[in-house]
Amino acid sequence: MITPHLPVLQVVLPLLAAPVCVLLRNGRLAWLLALVVGWVSLLIAVLLLVRVLDGPPLSYAIGGWAPPWGIEYRIDRLNAFLLVIVATIDAVVLVYARASVEREIDPDRVYLFYAAFLLCFTGLLGIAATGDAFNLFVFLEISSLSSYALIAMGRDRRALTAAYQYLIMGTIGATFILIGVGLAYMVTGTLNMADMADRLVGLTGNRTVRVAFAFLTVGLSLKLALFPLHLWLPNAYAYAPSTVTAFLAATATKVSVYALLRFTFSIFGADVAFEVLPLDLILPPLAILAMFVGSLVAIFQDDVKRMLAYSSVAQIGYIVLGISFASLDGLTAGIVHLFNHALTKGGLFLALGCVFYRLGSVRLEDMRGLGRRMPLAMAAFVAGGLGLIGVPLTAGFVSKWYLVVAALENGWWPVAVLVLASSLLALVYVWRVVEVVYFQPAPRERGEVREAPLSMVLPTWVLIGASVYFGVDTSVTVGVARAAAALLLQVTPGAGP
Amino acid sequence: MSPETTVAAAPLLPLVGAVLIWLAGRRPNLREGVTLVTAGLLFLAVASLLPTVLAGGRPAAVWLELLPGLAIAFRVEPLGMLFALVASLLWIPNSVYSIGYMRAHREEHQTRFYVCFAVALACAVGVAFAANLLTLFLFYEMLTLSTYPLVTHAGTQAAMRSGRLYLGILIGTSIGFFLLAILWTYAAAGTLDFRPEGLLGGVDPGLLPVLLALYVFGIGKAAVMPFHRWLPAAMVAPTPVSALLHAVAVVKAGVFAVLKVVVYVFGLDLMQAAHPGDWLIWLAAFTILAASLVALGKDNLKARLAYSTISQLSYVVLGALLATTAGIVGGGMQILMHAFGKITLFFCAGAIIIATHKENVSEMRGVGRTMPFTMFAFLLGSLSVIGLPPFGGSWSKWYLMLGALDAGRLALVAVLMASSLLNIAYLLPVVVRSYFPGGEAAASPARLAEAPLACVVPALFTGAACLALFLYPDPFYRLLLQLVAP
Amino acid sequence: MIGDALGLYNYWIVIVLMMVGFYVVISRGNLVKKIVGLNIFQTSVFVLYISMGWVEGGTAPILAPGVELYSNPLPHVLILTAIVVGVATTALGLALVVRIREAYGTIEEDEIHRQDEPT
Amino acid sequence: MFSAALVAILVTMALALARALLGPTVYDRILAVNMFGTATVLLIAVLGFFTGRPDFLDIALVYALINFIGTVAVLKFLRYGDLGRAGGKEGEI
Amino acid sequence: MGVVVDLASWALLLVGSAFAVTGGIGVVRLPDFYTRLHGAGVTDTLGAGLILAGLMLQAGFTLVTVKLILILVFVFFTGPTATHALAKAAMGSGLKPLLHPEGRRPSNI
Amino acid sequence: MAHAISLALVLYGLWLLLSGHYEPLLLGFGVLSCALVVAIALRMDVVDKEGHPVHLGWRALAYWPWLLLEIAKSNIDVARRVLHPALPISPTLVRVKASQSSDLGQVIYANSITLTPGTVSIELEDGMIDVHALTGETAAALEAGEMNRRILAMMGEA
Amino acid sequence: MRHHVVLRVVAKLLIPLILLFALYVQFHGDYGPGGGFQAGVIFASAFILYAIIFGLPIARQVARPGVVRALVALGLLLYAGVGVAGLLLGGNYLDYSVLAANPVSGQHLGILLVEFGVGTTVAAVMVAIFFSFAGRGR
């Protein structure tokens, strides 16, 4: 009885839980609720993924109004995969959150924290699940607004200015998206994505269509922090509460990437994107610049959270680069990296949260000799860092492998070289941390430091372990990503190269 | 145990040992006992494969399938057999020596030292048995990472600086060139499995020199100039680590990988038909001479030995690039012979440091009188490295010269001979000088002041092995011959 | 007639509003001023949507199987929703500004940057 | 006839706007804005009739309400720089 | 009947409009803040009252009239209150009124 | 309590007037709404003689026509002066006594003064009202006290 | 300017009327467009007027911030919960026609409840925002 409603339950469950959190007015209960909702959401997402992998996409009409008139939720292999990613991160991060949030958030506001967290989760799931362009905008803003609030809850006063900056840039991005959706609606007279795609066929030359797509691309690039529209990201990640940083870094930009994929390939079609508009000329240089600038700036950061934030800018570059190939291998690389980086970066930020829990700082000079004091958290950091570099047997290797192979297939030699060269930059910043943590003596003035509580270390290792696992067993991730890429390109997946 | 099981288990064995060593960390005797037992077991396991391989068997095993068509897999062939034998055998004396050296020096972080050592050996075996480029690359990188803590063992600022150089060059070249070359190979051939006939039949011959150069430079552990600086930098490490780097595992993994790529990725036929390595041969020749000259100018004994290694490694690269029967056999022999010779020299250098705290050649007058056994071993090692009969090193030099002659490159023969003269010039004076009266010993009558037994005995053992290898090179020769005449 | 006139001029209004709003947002200065600029920027979109309803008239398909009571005045719903989102953004932005002033004692961007510079 | 009233109201609004711009004191401006608001209420009411949308009257009423509250709020803010200052039972702004 | 009501309503609308504009003129013409209050009062009271009354006549006895009355009552209650609050605030801030030179001064101000 | 009941009745009357839909559901909503508003008003403490002046009864109804007439007359006067080219005004400040005993009475007086253009009450304190008048004549008329007396009558104090 | 008798008296008079008007708009919303939103705004404005004139502390006693926050949540819950009710009764999410025996009255009821949720949330959010902005000083 419940099965047909899974697509909507996926979104409504956290939406309902958010106000209940406010009503509970108790931080611990709110956490428990958010945790339960997170795990149930994960279950739903997995069920959905299993169903769409076996069969056709699922369609759900909100209010019983048949699409294209009502709002439709439409689950296919691509967004089912994304739902699993987001729900997994949420479920794991919430286990972690209890201790970390108690340490970092004013006790009176903990229940509000979880309400905002659930809203953010709702927004991200909604973006993935909905088949309605305007609805996507609304969910995007639900997630964005709640992230601004979550970021502002960081301890440092710079969290406020970071949230403000993010709000300004995010809203500009949102407004661009709104314009794009409006123009597309004007041309097609529909907001349903599938319907819109049907009606856009043959309109590739239409100027309004091109303008609409341009606005959407710019707006989404802002939201996903594509260089040079990434300026909001470093501070936002650096000063947000640890839990929030981990959650957002792992999910928010990824979901925006999904939206970009959806609009580019499913709705407007690769024709508009890559032939009418020279996206294949614009995106790769920006992506490569992101890889290098992000990594280079990361090298010079002394705050490790900021370092990882800039690293995210670079990693987003890899994802976008894969997309910009517009080939099966390229898209597979982009989607796999989306998944792998979600796990890796999520785990890394969780590891840093463990450090922050004990030290109240994640500055490099404060982390000297921490490898012996917090062996588990630091080992997780190293494992995740290796993933960022793309060392074999980590998830990062798999995605970079496909990325370089895709580049070589396209005959883009220099791009392949640049991808590898930028990995070296990742090595440098990761190594800076490793060296300080393992090979420098602990400062004398620092008191006795112990490992963070198990409830934090365990989730950290779950994400890092998963990223290692998916670096070893790639059949699931690569298989699903390839299926999703084939769906976007409307080709048959075929065998791997 | 079937050979297949042994192959799959061999790289795991030192890893398990590493865990046990870590667990035994608080009890030094137990810890070092575990190290020795592991080393012994590893050697037995590896040696047990020798008859199979000699008989033409190629035992294989797959750990796991990483990407479709790409697996972490092992397949023992003669070259890998040789490298694995060298590494696992030398780990035993090296462990004994380590115990003596580390205890004598009262070094800190000894548990970390032994754990990393074991992991490095696992990686070396992994590199040796790798069935494809991906596996090779994986263990190659892990070898770099696992030896970093050993290189920076002292923890001083100088050690950290050297460590950065070590990592920077090795990882930089491997990701920037080696991985790129691997990906190129994959894109061109659709597979990364080593095959006796090579993989690159379909590649535009005009591009082969570029690809080969990517491999040769990408495998930074082979220390071909200009990517050699990491090796002298790494001499800040404790002497057993130097032995590991120079003889047991690290540089040997590098030249081994070059040989393996030439034989199994390019294939000897392609090498001889297309000559992709011509200009690299001259680079190797240049490295041989230049490094020898630099060594001549170094007063610090370990630095002198380090540059000597750079020179000697390029012998292997040279042999590989010649790609003639004699060249390949000579290159393979050189891996083996140089390992035993150089480890002897480092054991002795470390022993001298322990006993006299002297590092510079110019200070070593009279050492020969107080440390006669050490200096005797040093002499054995020197002669083998120089390539004089009756020592093992003479075989490799001999085959390399033959290879150069076969290829019709008389200039290379001249280079090899000149290098041998330079070897004499920078190695023998150490021995000679040590027997001169002088130093503190000059005042008092000569009396024995040797390093601990655990340091001297391994040096004598490996020195004697140099002699033995001259007399019994046959199994190794037969192994290597399988490469060129399957 | 009105539709034509609007069709001709609405884009200019939208563009001018966007430019003005965007300029106010990116020019450094007072944090409240930037929020105001953001509002102007967003207003341009509302104008776009409103004029769109006018220009395209009945493009929004109004159909409800079996139920005739409630029509689907889509553009209006969209504008209302967009405005609600905009108002929520403004409120949140102002709340942030208030807290920034409490934390920094100023809402001038330059002064805030100066205070945050490592000493 | 409605249009005459509309024009008259618009003229009134324009005059109020002129005063709002001229000032010179802040109280002049508040007065002008308040008057502009009253004129807007009238405009909405008449416009509702003009276009046959009597539900505009609700909006007019709401506008009048907001006009009043807005004026009071601005005055209080001017006086105290704060809208929440306690007035106690005496009712203070 | 209909014509009479129509005529009356037009008249009310017109006269109301005239008063509304007059109030606007007053706000522009009068010399200081306090005198302008009186001008605004014209628009708030008779201007608004007559226009709304004209609309009421148009609407007859309907819900619309009820709402119009509601608006009128509301304006009549809040208009003077706002004006008073404004004047009081201005006086409290020290803004001096412009007074007629021969005007009688109040006893003790 | 009486005030509360009376307020509820007045509100419900207003509801009926506004609603125009006399079906059970909406009538029920009306009851609920009035109850909610009265509850909130009680909580706000605004239900008393001031907030709900039903006690004035019919007397209030008698006052309104007179006030409206005054408003009309003063409007005409102000309009004439505003439109006159010479702007014949003589702004004056006067202080008049509000003899009403309650705040409510005084407020009604003050607001009546303001409602009639030409006079604006500026300050109401201790039973005295400061008034700004557009002309000396209007000031004098106010000081004559007619309005004061009528409000007293309405409050039942005269 | 200590006491402001006029404002106090007028406010006391008006506030109940404004509140009633808000509820009127709320429950007659489905005869015009989107009643809940406007009703919420009007309802909140009455509270805001009260707070401005009688001061924030008293206003906070009348509408405790916790209660206001709870109302935000309750409104949202009602909004989303009606959708779930549709789901439980065998329809799709937000399908109101299943809420009553007759689809039209089901839709009617659904919209009424949803609008009430919207109104509650909007009113409470506005009051909450006012509470948090006012009283922070200049």
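For clarity, chains are labelled A, B, C, D, E, F and G in written order, and residue numbers in each chain start from 1.
As a working rule, contacts are C-beta pairs under 8 Å (C-beta built on N, C-alpha and C of every residue); 3 or more make two chains touch, one makes a residue touch a chain.
Nothing here was measured: the structure is a model prediction, and the numbers come from that model.
> What chains do chain A and chain G have as common neighbours?
C
> For the interfaces A-C and C-G, which has the higher count of C-beta pairs in contact?
Answer by contact count: A-C.
> By Cα centroids, which chain is closest to the centre of the whole protein?
Answer for the innermost chain: A.
> Go ahead and note the Å separation of the Cα centroids belonging to chain D and chain E.
12
> Quick one: report the Å distance separating chain E from chain F, using the average Cα coordinate of each chain.
15
> Can you compute the centre-to-centre distance for chain F and chain G, using the mean CA position of each chain? Integer Å is fine.
The answer is 29 Å.
> Round to the nearest whole Å and give the separation of the Cα centres of chain E and chain G.
Going by mean C-alpha positions, chain E sits 32 Å from chain G.
> Among the residues of chain D, which are close enough to touch at least two other chains?
In chain D, the residues touching two or more other chains are 58, 61, 65, 68, 72, 79, 93.
> Can you tell me which residues of chain F touch two or more of the remaining chains?
Each of 18, 110-111, 121 in chain F touches at least two other chains.
> What are all the chain pairs that meet the touch criterion?
Going through each pair of chains, those in contact are A-B, A-C, A-G, C-G, D-E, D-G, E-F, E-G, F-G.
> Give the list of chain G residues in touch with chain A in this complex.
Answer in residue numbers: 66, 69-70, 72-77, 80-81, 83-84, 86-87, 91-97.
> Which stretch or stretches of chain F touch chain E in the complex?
Interface residues on chain F, with respect to chain E: 17-18, 20, 71-72, 75, 78-79, 82-83, 87, 89-95, 110-112, 114-123, 130, 132, 134-136, 139.
> How about chain C: which of its residues touch chain A in the complex?
For this pair, the touching residues of chain C are 22, 25, 31, 34-35, 38, 41-42, 44-45, 48-49, 52, 55-56, 59-61, 63-65, 72, 74, 78, 81-82, 85, 88-89, 92-93, 96-97, 99-100, 103-104, 112, 116.
> In the complex formed with chain G, which residues of chain D make contact?
The touching residues are 55, 58, 61-62, 65-66, 68-69, 72-73, 76, 79, 81-93.
> Touching residues of chain A toward chain B in the complex: what are they?
Against chain B, the touching part of chain A is residues 389-393, 398, 401, 404-405, 408-409, 416-417, 420-421, 423-424, 427-428, 431, 435, 438-441, 472-475, 478, 495-497.
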